[in-house]
């Protein structure tokens, strides 16, 4: 016989843009908001009875209404308010998760902005009616490259190992970082800026013998610079740049011309915790 | 002080194609293989010492060498062999995870094939040196649509609810399904075909009052048709098709002309288990 | 001083789905329609006066209204009617171009369908108030592969040539084909099916010494099988499959294990015309 | 009977990265280079004889070798040299086209850089053995938004028009611009910077009654600021931001909360020429 296990449902990718014209230059909050709700949803799965199902269309409406009601807030604060809204008001909803992707814009005039580029600020909030709220900030698609100061040698070998050792290589990655806050009360904007800067500084400042070493340094730096954060999780693809062999053409290549490869790529993942980090509960679930 | 938490590393997206010319029509295994290894990797994170790090380049080589050695096998068997290879041979590697995406091709001549389309067969294998192996099969991008036989009404309401009830709508989704096998010994090809057919049949055959109801029916059907499977996890985006209001133009629209929306979309996620499903251990980790 | 040159404007990517429930199994037309209009638009560019600008929002409405009015028609016929609609009725619009991408679905039940995959049928219609209408059919993302029967040798060489000759390689491509019809009156559905089959048959049936040779054979075959067509344009990326060198591991590799590369790729483009092809006019503009 | 028409072939998307370590901070040229060659290629299409076909693999090698030989040059100069290389040296090649996409990086340390974001600088060079060389510069994915100073009213209407007029809307677009240079000798870096700035300034500085008006202003501004340019071609998608109707929830919405739509979108295309622009020849072919 079959049993219903964990389940959740919601509205994904609500694209809300909020314009703040209260001062010049005007500013934008440009967000992609996803909501996911859980509770006792047995009946709708078994018989299709929807009386406990708040429509995902209503969830979309709620995103827009709260954007209007809350006004200019950081995405972490918005996500917290949105998650609590559903759990507090809707019988049968015991847990809500909200994700916000936030896209950056830079003023180029009093009423004009240019999109800042590929980098995305991320927020994941979980609010549980019993155990409370967790906030995870982050970013993705922050692409970093060191032109030198990276080596890779002394690695393990087996009979299928053909890689040459190197004492000077390009090290490049597209950072996906998420950081867990200790509490739900924080100067979110400052925390984000400091965490981002810590990632850049640690990557740039680490003479690296492996991408794992850079990852750990980046996690430690965020913890050091943002005391409100107690845990950092990083996923760092190793965006390989291969030195092109130009010797068949009578040319040397002193770490100058590279082929930027697409696939495959290395992928390094790890978490770094403060030694006094409280239990994560369902923060990452 | 900072502590290193869970971590892993590997080579992602190794694109291997194996041609079997032993009979006509020739056949292809067209795979995208990702490897992720874990073990005691403290030293490389802290000091950059790589002596326990089997290069991701070697992992790539291993994918190709095993494709040659194993010959014509199902992707589940390949992933099992590959994961075990690393844990069995490499001191310091205690756990390996292998993902395989498999793309379908159809013969159009003795030596000619056409790519079957968007649908992708997936495999995720975890092998742990202590606790053994888990196999999760699946698929994604199987896009299904019912033109009718779907209703949505009687749902919960709050002051932000504006959605109209409907007793006849299009129901469409792009199925992402993963199913956990009870053991590591199975007729993988037959199991995949039956699971896929069960998903299609249950979606098509369910008169649906909510996508959750269809999800549960699909999970139950896989369990019923593939007894080697003990758990199914499904993620079903509700690909909304909105009936276009043509009344301003003096036209009726009797469930005929729809706008296919991109974003936002509903997202329904759930798991269905056999009542005798063994503990999942790290299968989904 | 600056002069306004050619210009056009329109609504792109109107996603319209039309359900035909008149018989079982139900069928779908699943289209992505783009409209582009041109005429004397000097004033709107120079001063912003919009009195000759039919809003792109109206163009979107027109797509939906015509889908309702025209009912079950082939996309070529729809595009013709839509393009003529704007030029015939709107003073100031002298030329309209309509593109339709059409996605395939296969019945899996009386009211149920599964999306057929990545392949897309395309239509481009141009209607000019003075010179009339042109219809270009086509397809893209038809991925074909020959496991053998392909050689590449005897090519030109310079001092930067390092490629080895081969007498047995995989040949794979993702076909983008467009074919110009002689007239605006045709059995569009049959013509499409025959053209697609001609492309597949010619690719599969050509023992190929270069992808150019296959391209020309494919163009000729379409002309031969679909006499309503007078010109074929093809863009064929050479999706390289590189034989993996397994000799460092003591393994042979008799055209069995390949690496499927992403970038760079060869790109072969060409057109094949019937010797009595009428002038193309603005058909491709 | 069938006739071979226009044709060309080449290597697409060669990803070359050139590091300049001659001064700190180190700098990067990060390019995606595509080559396309044409000449008398009848034989290879008809019989597969490759003696006039310089392999696309050699074209790839040439990109890397020239990156080494030419050192630190602007992408326009690189494309010119590369196109001429093939036509000058290879009998049978009469025309070469080279495209370069260039990705920006910003120094964050003496040896460290961060990718600047989505915006891409583009170059298209055509060199013909008889008629000479043409250079087209450009950019794409420059996303601009005005929070106000945009109206849309007084437009043409028909019986399918339902759009409301507005005197205050968001105007947003993702600029794709290409500009034709008068000659092949120019300070390419400065020209690019000025053209980009002209686009931003004209978009931000135009009180707009239609996106066409902004397009024309942008083209004129580039011509005015970069006298080396004689023609500008622009494609501006109208990235619609729809004001959300919050009145069902008892909330006003004074141009504050918007839904950012994906599809469909308006698409405005146009060219602006200097009145003394020389004939374009095959520059845009």
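Labels for the chains are A, B, C and D, by order of writing; each one numbers its residues from 1.
As a working rule, a residue touches a chain if its C-beta (ideal position, glycine included) is under 8 Å from a C-beta of that chain, and two chains touch if they have at least 3 such contacts.
As the structure is a prediction and not an experimental result, all values here were calculated from the model.
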Partner chains shared by chain A and chain B (touch criterion as defined above): C, D
Same-residue or different-residue interface between chain B and chain C, half as cut-off: same
Contact-richer chain pair (by C-beta pairs counted) among A-D and A-C: A-D
Centroid distance [mean C-alpha coordinates] between chain C and chain A, Å: 38
Averaged-CA centre spacing for the pair chain D and chain A, given as whole angstrom: 31
Residues within chain B bordering two or more other chains: 15, 61, 65, 160, 162, 249, 262-263
Contacting residues of chain C [partner chain D, same complex]: 1-15, 34, 36, 41, 44-58, 60-62, 65, 89-90, 92, 152-158, 160-163, 208-213, 215-216, 219-220, 223-224, 231, 237-238, 263-275, 277
Interfacial residue positions of chain A with respect to chain C in the complex: 159-160, 162, 248-249, 262-263
Contact footprint of chain C on chain B as seen in their complex: 15-21, 26, 28, 30, 61, 64-65, 67-69, 105, 108-109, 111-119, 142-149, 170, 200, 203-205, 241, 244, 246, 249, 251, 253, 255-262
